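Both of the next two complexes hold chain A, though its partner changes from chain B to chain C.
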Partner chain A sequence: MKASLSMCAGVLGLAIGYAHAGTGADSYNLVEKGRYLATLGDCTACHTLPGKPLFSGGVVLDTPFGKLLGANITPDPVHGIGRWSFEDFQNVMSKGHSPGDKRLYGAMPFTAYTKVSREDNQALWAYLQTVDPSDNAVETNQLPFPFNVRASLIGWNLLNFTQGEYQPDPQKSAQWNRGAYLVQGLGHCGTCHTPKNLTGGDKNGQFLQGANLQGWVAPDLTANNHSGIGSWRPEDIVQYLKTGANRFDVASGPMAEEVEHSSQHWQDEDLMAVAVYLKDFANPAEVPKPLAANDPTMKAGQAIYADRCSACHISKGQGVEGLFPTLANAPLVNNADASSMIRVVLSGSRAGATDAAPTAPAMPSFGWNLSDDNVAAVVTYVRNSWGNAAAPVTSSEVKNLREQLQVK
Partner chain B sequence: MIEKPAKGVTRRQLLLSSATTVAMGAAATAKAATIAGTPQWVPFDHNGPLHYDTPGWQYFTDEQAREVEAIVEQLIPADELSVSGKDAGCAVFIDRQLAGEYGTFARLYQEGPFQPGTAMQGDQSPLNPRQRYTLGLAGLTKYCQANFKKPFSGLGAEQRDATLAGLEKGTIALDGIDSPLFFQQVLGNTMEGFFADPIYGGNRDMVSWKLIGFPGARYDYRDYIGLHNQKLDLVPLSIVGSSAWTQKG
Partner chain C sequence: MAKKLPSTDVVVVGLGWAGSIIANELADTGLNIIGFERGPWRDTARDFNVASAADELRYNRRQELMLRTRQNTCTMRNNASETALPLRSWGSFHPGNGTGGAGNHWAGIAFRFQPHEFRLHSYLTERYGKELPAELTLQDWGTDWEEMEPHYAAFDRLAGVSGKAGNIKGTLIDGGNPFEGPRSAEYPNPPTLQTYAPTLFAEAARNFGYKPFPVPSALVSQPYTNSLGVKMGPCTYCGFCTNYGCANYSKASAITTVLPALIRKPNFKAVTNAEVLKVVMDSTGTKATGVIYADANGEQFEQPAELVVVAAFIFENVRLMLLSGVGTPYDPVTNTGTTGRNYAYQTANNVRLFFDDKNFNPFIGGGAIGMGIDEFNNDNFDHSGLGFMGGGSTRVTPIGAAPIDSRPMPPGSPTWGKGWKQATVKNYLSSMSIGCEASSYSVRANYLSLDPTYSDPHGRPLLRITFDFPDNDRKMAKYCIGKVAEIAKSMNPREIVVSSQQGHWDSRPYQSSHIVGGFIMGANPGTSSVNKHLQVWGVPNLFVVGSSAFPQNPGYNPTGTVCALAFKAADAIRSRYLKRPGEMIPV
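On to the complex of A and B.
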C-alpha cells in the first residue's frame, strides 16, 4: 500500500514536471491566482447577473450619459471573448482598446486597470479561459447619440486617461505599495469614490475624496478626520471590508454588494495593505460649524430622532457594533452630500451579508410615516449633533430624492 | 436560495429515528437544518395598517356610520376630561377594523358546530363582527322607529341611555341578533378605538393618552431608567408621529 502510494506521488510529480516544462507555466497555480485576481477586481459586479452563468454579462450600468451593459467575457467565440488573444486582453486592461481598435467606455474601469501588471493580467487571462462559455448576446453600448459614437472616446481618453502599470514608490514599504496597487488598480476604488468631472472622468486631484453615484454617496476614503476615515484604525478598515461591518459602520447600497462579492474574499494581508495605504492619505479637513442645538429645525429633529431612531442608533448616536451604525462623530454623516442618509431614511436599507457576518441587518423604511419636513429635520439634527457638523438638509432635497427613488 | 423542507416526517420515520437515537445514546449528534441566505428585502417596503390615510367610510354606509357615531358619542360623552367618542374618531376606528381582516374574523376558527356555551367559555356566536354590526344596527333602527318614530341618532340623551341600557341587560330584544352581544361588541370596539394608536383612526390627537398620561408607542426607555420620581412630561407619540416633530419658529 505504502509503496503504491509513493509510486503514485512519484508519477504525479513527474507529470507536473512535464506540464511545467511543456507550457512554461504552472497552469493550475496561474488559474487559481487569476481566480483570486478576478475576485479582487470584482469582475462579477458588472459581468455576471444574479442567477446567470458566470461572466455572461448583461448587468446594466446607469451612467449619467445613459445605459452601458457589462459584456459577456466568457470564452464563447461568438458572443464572448473566445477569439481573443492574450494581447487583446492586455490591450483592454491597459489601454481600454478591444480588438478592432474599439475604444471602451470608462464604465469598464480601464483607467484603474491600466495599473495592473502584465503578469497579473496573464493570470486573469488564464483563469478566464477556464470559465464555461456562454452564448448570451449582450449589446453593451446602449447610450444615446452622440455618446454612443465610440470615436468620441479619443478626446475622453486624452482628458481622463493616463496609461501605465503601477510604479512602486521606493520611499514606501512593500505593504504600502501592495495597498496602492490594489486600491488604484484591480480594486478600482476610485471608480466610485473619486469625484467625477463633467465628462465622467476622475478628478485625480481629488483621488478617493468621495462622490455621488446612482443616488448614493461613495464616502471620502482619505484619512480626513471629519468626513474621511481618519478615525478608523487599519484593523477597523480590514474588519469593514472583510465582514461588512465594524464598530463604526455597516456597508449598505453598492458597497454592500462589493463586500459580498469581492472584499470579504480578499486575503487578510491584502486588506491590511489597503488599510495601511488608505491611512497614509492625509487630507486636511475643513470642518464647518454645527447648527446650534436650540435651532428650531434641530429641536424638531431631536424629537424625531428620539422617537424614531434612538431605539437602534441609541440616544447619543452610539449605535451598536456590527448591527446599527454609529452616528456620532461619523464620517459618512459629515459628508457634504447627505444623499445616502436621506435615502436610507426614506427607503430603508439592507446591509451586506458576508460569511463572517451573515445576518445582513436591515433598516426599515420611514418613507411612509415621515414627511419630507420630518426627514429633513432629523437628518439635519444628526448631521449637527454629537461631534458632527455638516450642512443642513432642506425638505425639497428630500422631496426630490423621494421622487427619484420611487420612479425606479 | 432557501430550499423548501421536504414533506413532514412520517410516523414511521419518527419511530425509526427515535429508536436510532435511543440506540446511539448520548453520542448521537443531531443534524440541524442550516438555512443560508437572507430574506428578501425591498426598498420602501413597510407594514403599515390598511386604510389609515384613506378618506371616507370604508365599510359603513353613511346611515350606519351616523348611528354608530351616535352610539359612541353616548358611550363616551364629551366632558371636562375629554372630547366625545365620536369626536375622538371611535366610529372611524370601528369602520377601518370592519373593513379589514377583523371584520370577517379572518384569523379565527369560524366553522361550526356552534352551541350556546357557558359564560366562562366566552363568545360562542357564529356571527363575525361585520354581521354583528349590520344586524345590530338594522335591529336597533327598527326598534327605535317602532318605539320613538326616529332612528337612534334622533333620540335625546336620556332615551339613548335607556335604550343602550336595555340592550346591555337584554331587556330590549333586537331582530336577528342577541342584543347584549351587539352591545358588548360596540362597547368593546369603542374602548379600543378610544385608546388605540391614532393611526387606526380613533384616539384623535392622542386625546385618551393625554388624558391618562400614557406616553405612546415608545420603543425604548433606557434614557429614563435612572430618573426616579420625576415628572417626565413626555409628549405622547403615535405610530404616525408626534406634535413635538413640528418645527416651531
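On to the complex of A and C.
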C-alpha cells in the first residue's frame, strides 16, 4: 500500500512539472527527463543511422514480411514530425496511430509503448522538440503487397494489441513495478525476447521466453535455470546491461547494440529494478538428457573444440570473465534454438564497447575453415558438455544458416 | 601548399606505445588532442583473431605489420667512408606501422633498467676511472631511479606485467631478480608457468650459484583488468608473439591496453593513414606551431597546435627533428651538435643446445615466457681488467617454433633434400637456445643523419644510419657468451653452437628492433636534445619521446623504459608544464 502511494506522489510531481513546462518555466528538467526516456526506449536503434543526424530515420528493419524503415522523427515539418501535436505523438505511443489515422506496423513497438505513462510521453515529446530538424526523406513502408496495405493492421491489432498504460501491481514492491514498467514499456524487451505468432505478434503467454529474429536468438529472460537466467544474480543482470559483460557472458549481435545505445546509460536503480522483476519470472525448466560423451559426433566435436575453441573458452568451457563467454552451464547454449551459436561460429561477432568495459572483444569467424559437419559437431559438443544439455545440431541447419549469412 | 586546419591543443605524432600513453594521459586533462598515425587503424578484434593470426607466411615472411619500405625506409653504412644504401626490405629490425606500432609485434619482455643505468657515465667513471674505454661516449640520462620508478610502476599496471619481484623497497626477495632496482610494489600479475627448456636452464644456472628469475612478461599470466579498465586474457602459449599481433588479448600493446579506452574520449581524435612530414616552427625557432601531414591521397594539411608531442619510432623521431631543423645536426668529426648523436643498438648473442634425449615441445611458448639470470648484465659483475664495459641479459624464452623458419640444426647439416628433412626431424623437438641480449654502447662514429642521395615519395631525404659494433661491445659479447656457454655445457647436450656478435653490423639478418639514441635526454643542452621531462631544449612546447632519448642501450629490452618515459613526460606536462608553460629546466 505504501508503495503505490509513493508512486502516486511521483506521478503527481511530474504532472506539476509539466504544467510549468507548458509555459516554458521548467523545460530544462522536462527535456532532460525526456532525453533519458529516449535512451530507455533505445529510439536511436531504429531512428538513427550511424554517422547520420540524430533521429533522422532510415534504419532498415528486416521483418519476416519485408522491409520497414525507421521514420524521421526530428521536428522537420516536411520529412519529420514537426507538424505533429503532442496528442498526435501520444496516439502513436499508446494506440499505434499516427496523424491521419495511419496505423503503424508492429515494428514500431507500440504494443509495448502503450504501457508508457502519458506523463513520460510528455517528457519524451518535449525532448524530441529540441532535436535538430533533418530533411532526410524516409519511405518507411517498403513491404510487398499485401502487407503494405495498412488496413490489414486493423485485424492485426485485434489479434495482437491490448491498449493501455501500465497498471502497477499493488501486491509487488515499487521496485518490482518500476522494473515491470520498464521491461514491458519503454525497454520493449519482449519485442525481441518474446516468441512471435504467425502474424508477427507477441505470444504473450510465453512472455520473454526467447525468440529468433534476423538469424539471432534473443535468449530466454525468464528465471528458468536451464535455458533462462535463473542462475544469474540480480547484480549479474545489472552488470550485463550496464557493461555488456558479466562473469558468464558477453553481449553480442543486436544485444551489443542495445547495450551500447541504451542500457549502459540507464540509471543503476532502474537496472536493478529490471533485474528484480526478471528474477521474479518463475518458469520451471524441462531439462533434456545430454548426449553421451562417446557419441561419435561428441567425440568429433571435442577434438574440434580442443583445437579451435579452447584457447579462449578454456578446456571445460570456463571462459574468461569479460572477454570470452562461459560456455559451461550457459543459458544461451542450452536454448532449444542453436541459431546464435551456429551464427557466431560461422561469421563471428563483436561485443559492444561501453565506458565500463571498453575492450570490445570479438569471436572470430570460422566459416572459412570449418565445414558444416565440423560446425554441427562442435556446437553439438558444447551444447551437451559441462552441465549443458540441448538438442544436437545438424549439418543441414549449419548449411542453411551459412547460405542465409552468405559465409564463403 | 598545405591547407591550414583549425587549431587544436595538442598533436601527438605516432599512436604506438609512447604516443597512445601520452595522448591518454593528456586527454584526462580535458585538452583537445589529435593523434596522427602514418599506418592504418588496427585493433585486436578486427585484425588479430585466433582463427587467422597464427600465419607465419603472412606475418613473418611477408611482414604484414611492418612499415612498407616504399613508404619510408632508412639507408645504412658501417662507417663514414662508405656510401649508404637504402634498406629495401626489413632485416635487422622491424619498424611497425599502424596504431599500436611496433608494440603490436613485440615479444613482450618488460624489463626495467637498473638504477645505475640512469647515471651510467658518472657511475662507471667513479668505479673504473681511467679503465673506461676511450672510444665510448656514454652519458647520464639527467634523471635517476627515484624519478623513474613511479612511471615504471604505472606501465606495469597498464600492461599487467607478470613476474616475481626480487627487490621491493630495498628488501631482497628469493625467486626474483636480485639485481633489479627497488620496486614500489610486486608485479601486478604472478609469473606465467614455465615450460621445460627454461626450467632446465634455471636448474643449471642455480648449480653455478646464479639466481634465476622469471623474465618480466607483458603476456599476462591470468585474466587482468588494467588501470584503464581494459580486459586482458591469459596467455595460451601459442608461440606467435614476435612479428605477430596477439589474438588472445594477452600481449600488452597500445591496442590491447590503451586505445580501447582512449578512443572513447570525446576530446581525442585519431587520424590514421596520415604521415607527418614536419614539425612547423615559428620564425624564432623556439616554438613549434603544429605539424604538416599528408593524407592517403598525398594531400597536405597543416594542423596547428599549442603543444606538439613527437612519439614515433626512433627513426622517425630523429628524422622529423632533422627535417624540421630542431637542434643542431650532430657532426662526428667535430663531435658537436645533438640531433643524431649517440645512436646505438643491441648486441645479440646466443648458444644453441642440441640434445638426443630431450623433448622441449618448442611450439609451446611465448615471446617473454622464460627464465633469466642477470649475473653477466650491465655492471652486475666487476669489469676491472676486462677491457670492456656492459653485459647482457641471459635467458631462455622459447618463443614458439613456427614451421617455416624454425629449423634448428647444427653446422654441417645438409641444407636441402632428404638429409635436411631428416636433420629437421632429428633436432626440431630436442633443441633449445640460451640468448644473451646485451648492451650496445655509444661511440663517436655511430650516428643518424639525413641521406644526401635517397628520398621518400614526398621528396624528403631518408634517414641515414652510420653504425658498426664498437670493439667494446664485441669484447663484451665474447666474454658474456663464454659464461653462457659454461652453463650450456653443464646441461650435457650432444652439441652446442655458440654465436656472439663479432664482425661488422649486417643489416640483413634479424637481430632486434631495439634501436636507441639520436635525440637523447640529459642534463646538458650541449650534449643532449631533451631534458629529463623529454622537453626539447630551447623549444618548450615540443616533446620528443621514445627510445630516441636513450643515450646508450643497456642489456635489456627497451619497451618498458620507452613507456615509463612516456608516462614521465605526460606527468611533467600535466603537473608542471600546463600550469606554467615554458622551459621546465632553465638552460
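By definition in this document, the second predicted complex is superposed on the first by the 382 of 408 C-alpha atoms of A that agree within 3 Å, B and C clash if a C-alpha of one lies under 4 Å from a C-alpha of the other, contacts with A are read in each partner's own complex, and residues count from 1 in each chain.
Everything that follows uses one rule, which is that contacts are C-beta pairs under 8 Å (C-beta built on N, C-alpha and C of every residue); 3 or more make two chains touch, one makes a residue touch a chain.
Everything quoted here is computed from the prediction, not taken from an experiment.
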Clash or fit (per the criteria above) of chain B with chain C on chain A: clash
Chain B versus chain C as contact partner of A:P364, first or second or both or neither: both
Contacts of A:V320 with chain B and chain C, given as first, second, both or neither: second
Touching partner for A:P296 - first (chain B), second (chain C), both, neither: first
Partner chain(s) touched by A:A45 [first = chain B, second = chain C, both, neither]: neither
Chain B versus chain C as contact partner of A:A356, first or second or both or neither: second
First (chain B), second (chain C), both or neither touched by A:G348: both
Chain A residues touched - chain C or chain B, whichever exceeds: B
Which of chain B and chain C A:I304 touches, first, second, both or neither: first
Which superposed partner A:A389 touches (first chain B, second chain C, both, neither): neither
Chain B and chain C contact sites that coincide on chain A, given as residue numbers: 311, 348, 350, 353, 358, 360, 362, 364-365, 368-369
Interfacial residue positions of chain C with respect to chain A in the complex: 43-46, 49-52, 223, 225, 228-234, 236, 238, 247-249, 260-261, 264
Parts of chain A lying in touch with chain C, wherever the complex brings them together: 308, 311-312, 320-324, 348, 350, 353, 355-362, 364-366, 368-369
In the complex, chain A residues that touch chain B: 296-297, 299-300, 303-304, 307, 310-311, 314-315, 346-350, 353, 358, 360, 362, 364-365, 367-370, 373-374, 377, 405-406
In the complex, chain B residues that touch chain A: 36-38, 41, 43-46, 48, 218-220, 222-223, 235, 237, 239-242, 244-249
